[in-house]
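Several structures are given next for inspection.
One chain, chain A, appears in both complexes that follow, with chain B as partner in the first and chain C in the second.
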Partner chain A sequence: MFYFSIFFQYASQYLKTRLTYRGDLIVEIFSDFLFQAVNLVFILVVFGHTTLLNGWSREEIIFIYGFFLVPYAIFSSFFNIWDFNDRYIVKGEMDRVLTRPIHSLFQIVIERMELESMFGVVTGLVIMFYAGNQLGLELSWYDPFVFLFMVIGGAFIYAGIFISLASISFWSDSKTDIMPMMYNIGNYGRYPVDIYNHVIRFVLTWILPFAFVGVYPSAFFLGRTEWYGYAFLTPVMGVIFLSIAIILWNSGVKRYRGAGN
Partner chain B sequence: MNVIEVKELRKEFKSYSSRSGLSGAFRDLFTRNYKVLRAVDDISLQVKQGEMVGYIGENGAGKSTTIKMLTGILTPTGGEVRVNGMNPHKEREKFVQTIGVVFGQRSQLWWDIAVQESFRLLKKVYRVSDEDYETHMKEVIETLEIEPLLDKPVRKLSLGQRMRCELAAALIHNPPLLFLDEPTIGLDVLVKMKIREFLKKINQKYKTTILLTTHDLADIEALCDRVVLLDEGKIIYDGRLDQLQKNWVEGKEVRFEFQHPVELGSLEMVSSQFDVKWRQGERSHQWIAMVDGDDDTVSKLMSQVMLNHSITDVKINHVSTEEIIRNIYEEGMSHG
Partner chain C sequence: MGNFSVYVEMIRIRFLMMLAYRTNYYSGILIYSINIGAYYFLWQAIYGSQESIEGMSVTQMTTYIAVAWMARAFYFNNIDREIAQEIQEGKVAIEMIRPYNYLGIKTMQGLGEGLFRLLFFSVPGMVIIGLAFPIDFSNSITVWLLFIVSIIFSFIVNTQLNLLTGILTFFLLYNTGLIRGKRVVIDLFSGLLLPISFYPMWAQDIMGFLPFQAISYIPSMIFTEGFTGAEIYSALGIQLFWCFFLIIPIQLLWVIAKRQLIVQGG
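Right after this comes the complex of A and B.
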């Protein structure tokens, strides 16, 4: 309860600050939007040359992309920890975080949130409804609830992977370029995993389970029963990966060495 | 009751030392050479409630590392720490509710938002009730004279203004224990004085225990009865500040300026009952007496001399704390 009220305090402060710099905000939302549009165009270009991708139609792939945008938007609104090493370890901001009576990871989440990324949810929904319409998908009463679980699971997976990576900074203070690479790998989850070689498929399912952010949960809504098992694993994988990340984080904080003055 | 209870506290840092040259770099890939650096070396320390303790030492002596262990930021390598009856690192979130921290070189406040918005967020973070905030912070804001700064964003404040706001921010939850790591670094004399006065006031009013590190010994002289001197991770002195001065200064120096030139012989005759050495100053009627003894002896000597010779000026030279501490670092603690 306390954490909820703190969250809303920070969020309202954040909005207040952002609204004073309206220009910035609009530019940022616009560039996000453009980025998503480019991705969509890429999919359309690929299907300009073929009608089926290993049995998946163009509309299905667009649907998966739309779904992917939703958990990804939630992730990028709240887990901006790609620069954690620089900002908090090297510059010593972690000292300040650790002198406040709130869990350190939660503090970083609320300090670094970027709520404007939530617009991705809208884009994602629009794309999904468009593609769903083209495919003639029916919406059942339980679909929104399943969708919610899938989205939360997907966001948790993303968060878990990136928090784990950030935790490495507690052990090694050297800079790594692993974060941008991981953003790239994350994009592979947007495409049906059966188009990849089986090693990549294994990695995307069990090691860096980005497939659970895009293709697996979407398979449920697309009615591809052969993937249902994986689809329903999404929330479970989310909880497992986030838990591992938090355990890693907590043991990392004990190792924190501080920055010299 | 001891607010801070530290027993054989130790912190070691492992640091890799790389070999030289390209072949060295290759060897580093497989076997790393590392040295263990002991930043804090078996420190034991007790601080009672209401004490103001100055924690001093050269750069790299281990001051900040100790403070970071006492505030729960770093985990000790060995030893026991109990602050406010808690283990700072184990019960961090509960523990930090009972302390206030100011790092002179780091800001607690949000850079882009108005000072009062920062205060409001911190008030929520520390779960301070509206009444407590009203009564306590009103006074803090008044004493630190930051009322006109409250609606300005932190990035527009000068260093002195910011520091006063930082101090207020650290006191939002009225903690019984306050850690200040170089709170006056880079500030002008006026702001320093204001901050010192304020610290004295809250110490008297709330019996707030204060642990202070600083490079400005004037801070320590103005505030702390007790100093803890640190060198290479070890405590080399822990006691009263005036005791440190007494132990270190063997006697005093009195500088007389006479109206007329005076002979050494006549001075020695007048002061024969004292243990004193005379030395000629830069001019013929200036003499310096090195007296061995307490203040009483010094004043007796002065009256004896003045009875026999007319003077224009007399000055007792104290050795400054700064000088004492410099001496300690240069020569070790053997005198004390």
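Right after this comes the complex of A and C.
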């Protein structure tokens, strides 16, 4: 309960701060839309030169992209830890976080949330409904529930990967450029993984399982029965990866010694 | 412009700063390779059984993607974010009374960073990628020289756009949205993700009036020999034009910004 009230207090404070600089907030929401449009443009331009991508049609790829946007929006609203090393370790902010009465990771999540990213959920749903309509997909009563599980699973996978990477900073505080690149790698889960060779496919399925945040769960809604096994693994993978991340984080915090003054 | 040696010193300091953190760059090379590798397969699937699209073969396309990402390591920098932060923290007031040109110093820091990444990241990265994927390196010395000239222009244009975005913080006070938006626009319109020749004609016409193609499309096309003969020189001319033209808004905004500086703390 205590965690809930802290969360809502931080959320309301956050909204107040953001509404102070309204101009920037609008630009930021607009730039998020732009970012989502860029990927859509990529798909559209590419399909201007080909009709099928390894047997997948343009609308199917667009549908996968729409699905991807939903868990991604949840992830980017709450897990802005890509600059954790710089912001918390190098600058010594972690010391302050550790004196707070709530779990250190939760403290960072609420400090760094960017609620405006949630607009991505809307964009994602609009894209999915558009593409689903074009493909003539039927909506069953259980689809929304399955969708919910898939989305939570996907968001957990993203969160798990990025928290694990952030945890590395507890062992080595030197700068890395891994985090920004990881955002790029995440994009490859949006394409049918059977276009890649087995190494990349393996990486995207079991090591950096971004395929579970795009193509695998979407395969369920697109009725690609051959991939149902993977699709239903999505929530499981989410729980596994988030658990690993939290274990890593906790053992990292135990090791943490502070960064001087 | 103050003392020339100050600027050279700034390049050196930034370079050494990056050098101190070099070990982690090796993991960065691996990640870049995965990135380029995934693109390679994606493009193979896009090409399917087609021999060439818009006059480019699959191999040329792979080379294009590889060189575009490796060149990005050189021209890319975060000085827009640094400037925004220094403005927000009020540090810019101190910077302004120092006996050098603030924008010049920022450019030099960006150059130091870029040179570091070029030597320790792009060059070894390109060798590794060249071994792993079918990439066409040109045999002609002229192509290499023109490519080097072209990425220097890329650096200048990209840095100028970063300076512009950074300076706008003086007016917007809070600038993360614009910085993010700019990055997205550059990824798309610079030709990093897709060669500009792949876009529909009307989009190509619009992009012709924008400075973004000078950042990635032109050097990558020179490297893959997608441009030949006179095309190369007119492309370099476009880059040169933007290098000079962008000085105007930067200087103008800088003068206005100095006049209406509000220090938000510090």
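In this section, the second predicted complex is superposed on the first by the 261 of 261 C-alpha atoms of A that agree within 3 Å, B and C clash if a C-alpha of one lies under 4 Å from a C-alpha of the other, contacts with A are read in each partner's own complex, and residues count from 1 in each chain.
Throughout what follows, contacts are C-beta pairs under 8 Å (C-beta built on N, C-alpha and C of every residue); 3 or more make two chains touch, one makes a residue touch a chain.
Note that the structure is a prediction, hence the values are computed from the model and not measured.
Novice: With both complexes overlaid on chain A, does A:V46 touch chain B (first), chain C (second), both or neither?
Specialist: second
Novice: Once the shared chain is lined up, is A:L148 touching chain B (first), chain C (second), both, or neither of them?
Specialist: neither
Novice: Is A:D24 contacted by the first partner chain B, the second partner chain C, both or neither?
Specialist: After superposing on A, A:D24 lies in contact with chain C but is clear of chain B.
Novice: Chain A residues in contact: does chain B have more, or chain C?
Specialist: The larger set of chain A residues in touch belongs to C.
Novice: From the superposed pair, tell me which chain A residues show up as contacts to chain B and also as contacts to chain C.
Specialist: Shared contact residues on chain A (touching chain B in one complex, chain C in the other): none at all.
Novice: Mind pulling up the chain C residues that touch chain A in the complex?
Specialist: Listed in rising order, the residues of chain C that touch chain A are 20-21, 23-25, 27-28, 31-32, 34-35, 37-38, 41-42, 44-48, 50, 53-54, 172-178, 180-181, 184-185, 187-188, 193-194, 198-200.
Novice: Can you check the complex and tell me which residues of chain A touch chain B?
Specialist: Chain A residues touching chain B: 2, 5-6, 9-10, 13, 16-17, 92-96, 98-103, 254-258, 260-261.
Novice: In the complex of these two chains, what residues of chain B are touching chain A?
Specialist: 13, 64-65, 68, 71-75, 89, 92-94, 96-97, 99, 101, 103, 105-108, 110, 112-113, 117, 120-121, 124-127, 181-182
Novice: Can you name the residues of chain A that touch chain C in the complex?
Specialist: Chain A reaches chain C through residues 21, 23-32, 34-35, 38, 41-42, 45-46, 48-50, 52-54, 172, 174-178, 181-182, 184-185, 188, 191, 195-197, 200, 203.
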